[in-house]
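In the two complexes below, chain A is the common chain; its partner is chain B in one and chain C in the other.
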Partner chain A sequence: MTTKIKRQFKLSRLISKTIFYLLITTLAVTIILPAFFLVTLSFLSTREAYSYPLPLLPSLKAEYSLTYGERGYLLSVYDNFDQEYQTVLDTSELDKISVYMKSQISTPYSISKLEDRIAELENGPEDIVYFRARKNLWLNYDTFFKITRDAVPALLRSFQIAGLTILVSLSIGGMAGYAFARYIFPGRDALKFSVLFVRMFPGIAIALPMVIILANMGFYDKPVGLVLVYSVGSIALTIWITASIFMGIPESLEEAAQVFGATKFQTFLRITFPLALPGLAAAAMYAFLGAWNETVSAIILTQFNPTFPVVVYQALLGAVGNVNLAAAGGLVMAVPSLIFTFFIRRYIQQMWGGVTI
Partner chain B sequence: MATLKMQNVTKQFGRNVIAVKDFNLEVKEKEFLVLLGPSGCGKTTAMRMVAGLEEVTIGHIYIGDREVTELPPRKRNVSMIFQNYAVWPHMTVYDNIAFALKLKNLPKDEIDKIVKESARLAKIDMLLERFPSQLSGGQQQRVAVSRAIAVDPDIFLMDEPLSNLDAKLRVSMRTELKAIHDKAGSTTVFVTHDQSEAMSMADRIVIMKDGEVIQVGTPNDVYHRSRSIFVADFIGTPPTNFLNVEIKKESDGVHLVNPHLNLLLEPGIAKHFNKYNKNHLILGIRPENILLVDSEKSALSASCLVVEPQGSHQIVAIQLDDNIIKAVASAQPTVKTGSDVHLNFKQETLRFFDPDTTLAIND
Partner chain C sequence: MTASAPAKRFRDLGSKAVPYLLIAPVVIYYILFWIRPVLITLIESFRTAAGAFTFQNYVMVFTDPDFMPALRNTAIIVIFSVTLEFLGALFLALIINRKFFGSSIFLFIAMIPMALPAVAVGAMWLTGFTAHGWINSLLYHLGIIAEGAKIYWLAGSEWKLLILIIIIDAWQVIPSVMIILLAGLQNIPEETIEAGYVFGGDYITVLRKITVPLLGPTIQTAIILRLISAIQIWLIIVLLVGFSRMPVLVERIVYYHEEVPGLDISFQMASGYTIIVSVIVSLAALLYLRVSGAFGGKKEAA
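Entry: the complex of A and B
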């Protein structure tokens, strides 16, 4: 009897554990796989990026063979998947070969080196020479910044916009959050709810009026215009985050400070602000991520001064468009927000002696 | 140290809520004064006005000779212990105590001296480097105490400082707070709703109800000479017993009569009614002043409803209609539930209350 129960218990535990791990794995895969894909893609050469199936990892070198062709020299590349050399080029112009090796295979190879290989071919016993070239893994990143329209200024502009958005939304939203948490006034709850209205409209829906308004204000195609647009949304979020944090700080802590000799401003600086830091950090993170990643409004509201996400988006389009270049740009874009999030996480998790207020 | 004077102080919240009504009080130097009352009686509001955390609607507050009515809290030189301790969780114990001293720009070595001295007084000198969250509730309370001592205030304010502690700790902290008060020689205003706490700590007790002062007096005053039914009921465990009685003047003297009771008053007691012209009153008698007697001396007889043994004594409860009377009797002989008990009263301790005004007739 008991052993039967035990066995049933074991079985049901086994099943529930299996389901649990299946779910966890699925979740992990759905999160990790796209990130992995992006990273891999950003290191692939153009030829690899458009091959099928896509390699799981970027190769570190390429193996070539050079022989005589109809029009000059015949260049072949070893394909790891098909396990054979595939002819890619038949030409007599060495600079064409060199450009191809760099742009398509990501293996920069100088013309003088090519001449050496051709000398080997002509002097060698066989009609073919094999050689290797080391791949430049960072070539995509290099190319991305070279061929996209002002990527570096756009990156700086994005930093500027994200920073200013944090500043505006934290100062205004933080103060409003404090007011919502500490003071009772008529219409408080309605007002607190109404600040969320601005987040209920999709950006694209109010894009046109936004362009007109910003143009009238003279802020169209200017970073400050985007700062305003982003701040509206993140102020709402900041108010809600900080209000709940301030509500969690007992008023008596502030009162005690005042009784023990602090002015209202000193009280805020020494008591309220440090205690609210985790919430302010979280709000700052949301403001940063919102402003840093936003693309749709930025496409509409800028023309000659795009933000970095717009540049990445443009890398996918047109003659210069290459997925591996866009992936490199995307990764460049992801890194600051990753660093920022990891940095700010310390403050969000900050606790004093192990327990929060 | 200084005196505290509150003159006609009224506090109104919004349009109709009057938290404190025409409050007058003088606290003497080095006095331990307790504001006592049920929750919502305005005792905390009164104290917060002294601290400057609430604005005064009408009236004046003086600390020593200074009028502080309009001053911000930091300029009043008071210190306060809060109900939830209000020690700052992001500062070490040392920084908590040193906070006020640093704001005064005292030199570092002097701050260090004062912090260590006041920590020693509150017995937390071993914990100075800890954060409050690493301390127990009682230790946090000590931090609050030592922080309050450190500033050497004119007035010490304590807002139910013991109510968050467990029962045993509460009793031992009482003694310590009182000892610290005596050592520091500070003028103290202590707010509580716990009457036994008030009785055991106070030099004088101010009993409040609905924003008004009902009685001010020493613990003995308010216990033995309660000015109203409210006070007599609020102070003491078990509280005063009340009996509705009729006054009957007969040939042998004044009788207090109700369906269960016929009490012939001694001549000295009856004179209290000389000026009283109604024929009903409410009789108040403390449980320990009710005597278990033989049947022939009985003023009141009934069957025992419940006996609560307390070790040193027993509490005998009897039911009269829907009124339960409790008497404190010596532990021996034990009374059995359901047995008949005969009661009489120590007449000199009787309190008589006017049923209409609820105020005491004798005083």
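Entry: the complex of A and C
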């Protein structure tokens, strides 16, 4: 190749590479964009959340001006979009001003500090004082848990349910997975087929009659009831995952252990189980995700003891009043899911068909 | 070994029983908490509130003024979103199918939409599609719309809503279907594709005659699994526009169970709709198990 052709070749490769990365970036941005705005929204003050257009990033502080008004003091706040101070309050009651600054602008400001500002106003050369207040970014999260009925117990309940679902599905499903991987027995294929079918069967078709069954058992509106329902699907998935894990552990290892005098049970405990542990962890996280994210059955099977997704669902249905709070609730919901997904991303790729890049 | 014959027989029987003992808990669990509830729904759907046998429940469901719209909306969403998602995902997978710097981060990002809980996804789009939401704000910041010209996304005809729902679903699903197809593409030996080019095929021919046919099983898996979950779509619709504005099948079940639980017919209606959804989903699932070879037992299913 002459150098000229080489250079042209290099150039066209550079261009195609640039286009490729441009596409990848666009795609990634499109995927992340809604999530990005949910995060932004959850950090906005109520005043910001109801302004239009919404800011792209939450502000970190607010700039105020204080002057004399008709009824007392006139509080104005600087609007970053209109680039001017806008009067928001005219009152002589300092506690009203303090409450407004906290609830609407997310900048908690004590009355004693306000008194200091008023002293400055009265002693100062001009009829106006300017001051800044730092924004409490986590205020929406705080408020969501304070004002939403049951948010904290619901969160604990959701963790409890997810934990118990892991326990039930790993013990029951793990045993079956081992049997499917190590033994050939009559009825094996039919059973495997049924398990797959259960996995695909709509959850809502089980949730509805379970109202009666759980009520008879005394488990309606109790976490245990939901564990029983969630385990139906997650046992199937656990069987699926653990069977392939145990199949991947060579039987010769187990045989070797038995040659050295270990019993079958010892072999399982000392050899097979440790080797299967990473895969079992993945199966556990899958069970967690299933139970944590589930909403439909939880809506149907709870009444006074909702799970966290149900609380967020209800907050969203009535969200006209406080979108930024609903956004905070949605994010609290999303964070554990994303963390667990990150940990088992390799397994998800394998489950979805063995991507290795 | 000098074990006596009966003891040996007993031991053999014992080891033969091991797999069944391991499987017994699952079988018992599924009889109690899967077969029993499904049978109860099935029986209830054929009973009056007083307990007599009847077809009346199904007559009621089929003559429910919301039944045809619910069926139609579900069908439209399933057909259009599955097609759109599949073609979009295939297109992207074909372009991306190579190792590149940052690919593992990209794959994780592509997993995010599916990993997010339904209510979080609902929160995103609900806050986006309101008139003063982030979508209009973003369009304004990008200079696409003027300050006064807000777009009222959620107002207007059912068709507009259907399109929005299909777009949201596409956002959530295309990345993960893309990952499935990428996996399938990687399993195709490079020599096979190269051979196609050596024998004079152009890109389209190779794609049509070699890549897509070899990808067949993966495509079937992806499409049918998508079909099953698309049939069950409801939460995002209810979060965006509330109950009854755009009925779909599963939304009707929740509606009769949660929104109007006091009616005499509520439970019967919910059971009827449940059986209808279950039958449709089961047919799709059986289709999946059939094409994936689970019946023959030759191939490992999925």
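Definition applied: the second predicted complex is superposed on the first by the 265 of 357 C-alpha atoms of A that agree within 3 Å, B and C clash if a C-alpha of one lies under 4 Å from a C-alpha of the other, contacts with A are read in each partner's own complex, and residues count from 1 in each chain.
As a convention for this text, a contact is a pair of C-beta atoms (placed from the backbone, for glycine too) under 8 Å apart; a residue touches a chain by one contact, two chains touch by 3 or more.
Model, not experiment: these values are computed from the prediction.
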Touched partner set for A:28, first chain B, second chain C, both or neither: second
Which superposed partner A:253 touches (first chain B, second chain C, both, neither): first
First (chain B), second (chain C), both or neither touched by A:263: first
Which superposed partner A:206 touches (first chain B, second chain C, both, neither): second
Touching partner for A:341 - first (chain B), second (chain C), both, neither: second
Partner chain(s) touched by A:290 [first = chain B, second = chain C, both, neither]: neither
Residue contacts with chain A in the superposition, chain B compared against chain C: C
Touching partner for A:271 - first (chain B), second (chain C), both, neither: first
Chain A positions touched by chain B in one structure and by chain C in the second: 352-357
Chain A residues within the chain B interface of the complex: 250, 252-253, 255-263, 266, 270-271, 274-275, 351-357
Complex contact set, residues of chain A against chain C: 20-21, 23-24, 27-28, 30-35, 37-38, 40-41, 50-54, 56, 171-173, 175-176, 178-179, 182-183, 185, 188-189, 191-198, 200-202, 204-206, 208-210, 212-213, 228-229, 231-232, 235, 239, 289, 292-293, 295-296, 299-300, 309, 312-313, 316-317, 319, 323, 326-327, 329-331, 333-334, 337-338, 341-342, 345, 348-349, 352-357
For the chain C and chain A complex, residues of the former touching the latter: 16, 18-20, 22-23, 25-27, 29-30, 33-34, 36-38, 40-41, 44, 92, 95-96, 99-100, 102-104, 106-113, 115-120, 122-128, 130, 132-134, 136-138, 140-141, 147, 150, 171, 175-176, 179-180, 182-184, 186-187, 218, 221, 225, 228, 231-232, 234-235, 238-239, 242, 250, 253-254, 257-258, 270-271, 274-275, 277-278, 281-282, 284-286, 288-289, 294-295, 297, 301-302
Footprint of chain A on chain B - complex, ascending: 51-53, 72-74, 78-80, 82-84, 86-90, 99-100, 103-104, 130-134, 147, 151, 157
